[in-house]
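Pasting the structures here.
You will see two complexes here that share subunit A, one where it goes with subunit B and one where it goes with subunit C.
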Partner chain A sequence: MKLITHNMLTSKCLKGVVTGYPLAINATDIKVKEVDFNPEFISRVIPKLDWEVLWVAADSIGHSDGLPRSLENKYDENEEFLKKAHKVLLEVEVEEGHLTCPESGRQFPISKGIPNMLLNEAEVQ
Partner chain B sequence: METPHQNHIDKADFDHVYEPAEDSFLLIDAIEKDLENLRSRNPALCLEVGSGSGVVVTAFGMAFPSTFCISTDINFRACIMSKKTAEYNKVIFDSVRMDLASSFADNIFDIIIFNPPYVVTDSEECGGDDITASWAGGVKGREVTDRLLEMIPKKLAKDGTFYLLLIEENIPDEVINIMSNHGFRYKTVVRRKVRNEQQIVLKFYRIIY
Partner chain C sequence: MWRRYLLWFAHEHVDFRHAEINSILSLFKIPIRFIEKPCLEKPYWIVELPSEDCAKKIASRSVLMKNCIELWSRAKSIDQLHINLRKSLQNTTSKWIFENVECAEYICPKELIDVCCSPNNSFKIEVETFCKHFSIQEKLDKIEEFTYLPLKGSVKLKNPDITLSYLEFYGVNPNNVPEQPYDLFFGKWIAEGQRDLIRFHSLKKRKFIGNTSMDAQLAIVMANQAQIAPGHIVIDPFVGSGSLLIAAAHFGAYVWGSDIDYMMLHGRTRPTRVGQKVRSKEESIKNNLKQYGTESKYIDILVSDFSLPLWRDGVKFDAMITDPPYGVREPTEKIGIERNNYTLSEEHLTNHIPSKVEYGLPHIYSDLLNFAARHLEMNGRLVCWFPVIRADYQDEQLPSHPCLRLIANSEQILTKLTARRLLTYEKICDDVSSVTVDPSSGVPNFRDKYFAIGEETRRERKERRAEEIATYAAVKARLGNEVT
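Take a look at the complex of A and B:
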């Protein structure tokens, strides 16, 4: 699971949960895999994401080095920043671990890099 | 559009995961037909629901190297195969085991693609998480599709497009009606007769004023 994906995941379809966002990350195995740098894509996708959530997620797994906690103006012109954003969004991968719902504490296992968000019938809203 | 390489897949895995068939390729053809329109919109995020082997979403990712592709499937083996197919073809990608698109935040995907389990079956047959889930569609072959239709208005970006494959037995006109009530226009992208099955790919989008 890449952190760009984590940025879009919620547990709000759990019964009784209101926002279910962001999910906490617990990682037992993290890999960094090289991905071609595409600054145009990174600048285009950032406005679609929650930057603060990305920063906290990266920080919680020890990958927030040099990453600003809030977005500066004209970040799309700052290549060094875009490279760092590229790394945390696309290169850092949680292979094993789990995600935790911030409201209910329900855990979602991550195995072989794939989060399992399936719920049983009794858990669904 | 290029067809993704599949030589990394062990044929025996298709006992558990939907093997790419005419419907999969019709969906790829539909995207190809719409390529210019899609290119001009420069999508950032694309989701394939129920990606099975991953050929469709990988073909999309190969044609759009500046789009981040995500797939979901209820079948864990399909999630793994999709991830491998994307990796093997160098597509930047993530795979999540999920019911349809239920665990995603709202209004993010520029493109959503779905080739549903569309075969008309008893309701009881529908709703598993193994190979049966790849084809068993319940009443009208629409039980799974109809649940996704209710999620589309929330999960799709305001200016997003949803591509859906159906067969005649699914009564496409009813689907068009449901989506029209959600405020979506539609176009027929391609249709094809395969043996005795009339397959059709529709796309749905909102008019933004």
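Take a look at the complex of A and C:
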């Protein structure tokens, strides 16, 4: 699971959960894989994100080095910054671990990089 | 300067032709003028476009178009074609002249031909004869007819600067081929469509397929209908083996997928390929994209139940492209259990794969359209298939939502009695009040009807066969009596 995806996921499927965001990350296996750098895409995607949540998530798994906690003006012209954002958003992968709902504590496992957001039958009733 | 073009199409998926091209035209904001009214029985269009660049853009996306030719001469007989072309060599008006519109006698301006005649341009002439076979010598004889053209460059068969195309059209019925062609065309070859992708992305060579993986051609049509462009953010909420994401990533989108089937996404279902005993560890959607060089476009896959909310409010995708389950070859299901007060003990929890209950088709489409209204960018598109019983089909059956406008609806026939329609919706407004499920919309019992029809025809066949046997026995008995 990449951090760009984590930024968009909630545990709203659970009964009684109001926002279910952000999910906490517990990672037991993290990989960093090279992905082609596309500055236009990164600039386009940043406004869609909750930047504070991104920074906290990256920090919680030890990958916030060099990433500013708040966005500066004209960040889309700063190639150094875009490269760092690119790394955190697309190159850091949580292979194994789990996501935790902030309201109920319910855990969603991540295995082989694929989060499993399925509830069991009792939770759906 | 507007130029005249011959667009030649593959003679299949005819109902998708206008829809695919219109989506591409509006994606690139290309205006078009039709010179002749398109005819469904003929695999070509004669159009005018503002520039050669527009023609090349269309060719860079369309998988239904074979190629595009700058038209110089067009006629209904071989002699007339050459008469028109000779007249063109004298046509200094810089405009197309129509001598006789009924017989399609068009004379192009001289400038189009002059541009290709320079001694520095190598050229070749290609002959295509649709629906009729000619030997190489016969084709060479046809080429000889064009020696009056003042082409001063040298002939080069491999990678010439200019390729001139001569086409003879003998109809589309190989069982009824006329002596003389119905239509003839001559002009300069401009560009090839994307039909090579059909072989390049073929399911036969793909690392990871499922029982319902979409074939490459239709996946690309869907990506065009969704107007997917480089840098777009695209999701398939019923992703299966990722066949639609491959087409999306090919056109430059960054892709997400989700599916309720845990085993499928982890490459652990029974293999789809005949003769394959077990799935290899390499089988995954990510490796599919890697196979075609688009691994960088793979973002994430999630196991999730589409009937439940998952994404943060405000998350917006540029396009959704999907093939929901119809309940025939894969189940329509969501998490749930018929029993009341079901509880799961602690020790079973970790590896539990939850049981599922029926997720009816009207419910699936209502969720799909609500999701699109909520999570698409303005003017973003939802492209999805919708199964129908052909005899019962009416436009009113199609799912609808006040925030989405239906842009296209093309039919692919599956069996004598069933079809599926490729629907394209565009988000036109943001006021998202959820639309409730209409249990009578669409075909709520598509699965039941599909199998009931199958059952009915099987029973009919059995009864007919029994009747035949009885009749035969009776006739035989009577004949036997007469003989003896």
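Everything that follows uses one rule, which is that the second predicted complex is superposed on the first by the 122 of 125 C-alpha atoms of A that agree within 3 Å, B and C clash if a C-alpha of one lies under 4 Å from a C-alpha of the other, contacts with A are read in each partner's own complex, and residues count from 1 in each chain.
Here is the rule we use: contacts are C-beta pairs under 8 Å (C-beta built on N, C-alpha and C of every residue); 3 or more make two chains touch, one makes a residue touch a chain.
Just so we're clear, the structure is a prediction, and the values are computed from it rather than from any experiment.
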item	value
Per-residue contact with subunit A, leading partner among subunit C and subunit B	C
Which superposed partner A:21 touches (first subunit B, second subunit C, both, neither)	both
Contacts of A:120 with subunit B and subunit C, given as first, second, both or neither	second
Contacts of A:44 with subunit B and subunit C, given as first, second, both or neither	both
Partner chain(s) touched by A:100 [first = subunit B, second = subunit C, both, neither]	neither
First (subunit B), second (subunit C), both or neither touched by A:1	both
Residues on subunit A lying within both footprints (that of subunit B and that of subunit C)	1-2, 4-5, 7-10, 12-13, 21, 35, 38, 40-41, 44-45, 48, 90, 112-119
Residues on subunit C engaged by subunit A in the complex (per definition of touch)	231, 233, 254, 256, 260, 262, 265-266, 286, 295-296, 299-305, 308-312, 314-316, 335-337, 340-344, 349-350, 352, 354-355
Sites on subunit A touched by subunit B in the complex	1-2, 4-5, 7-13, 21, 35, 38, 40-41, 44-45, 48, 90, 112-119
List of subunit A residues in touch with subunit C within their complex	1-2, 4-5, 7-10, 12-13, 21, 35-36, 38, 40-41, 44-45, 48, 50, 90, 109, 111-122, 124-125
Touching residues on subunit B, where the partner in the complex is subunit A	42, 44-45, 65-68, 70, 74, 76, 79-80, 83, 92, 94-99, 102-105, 108, 129
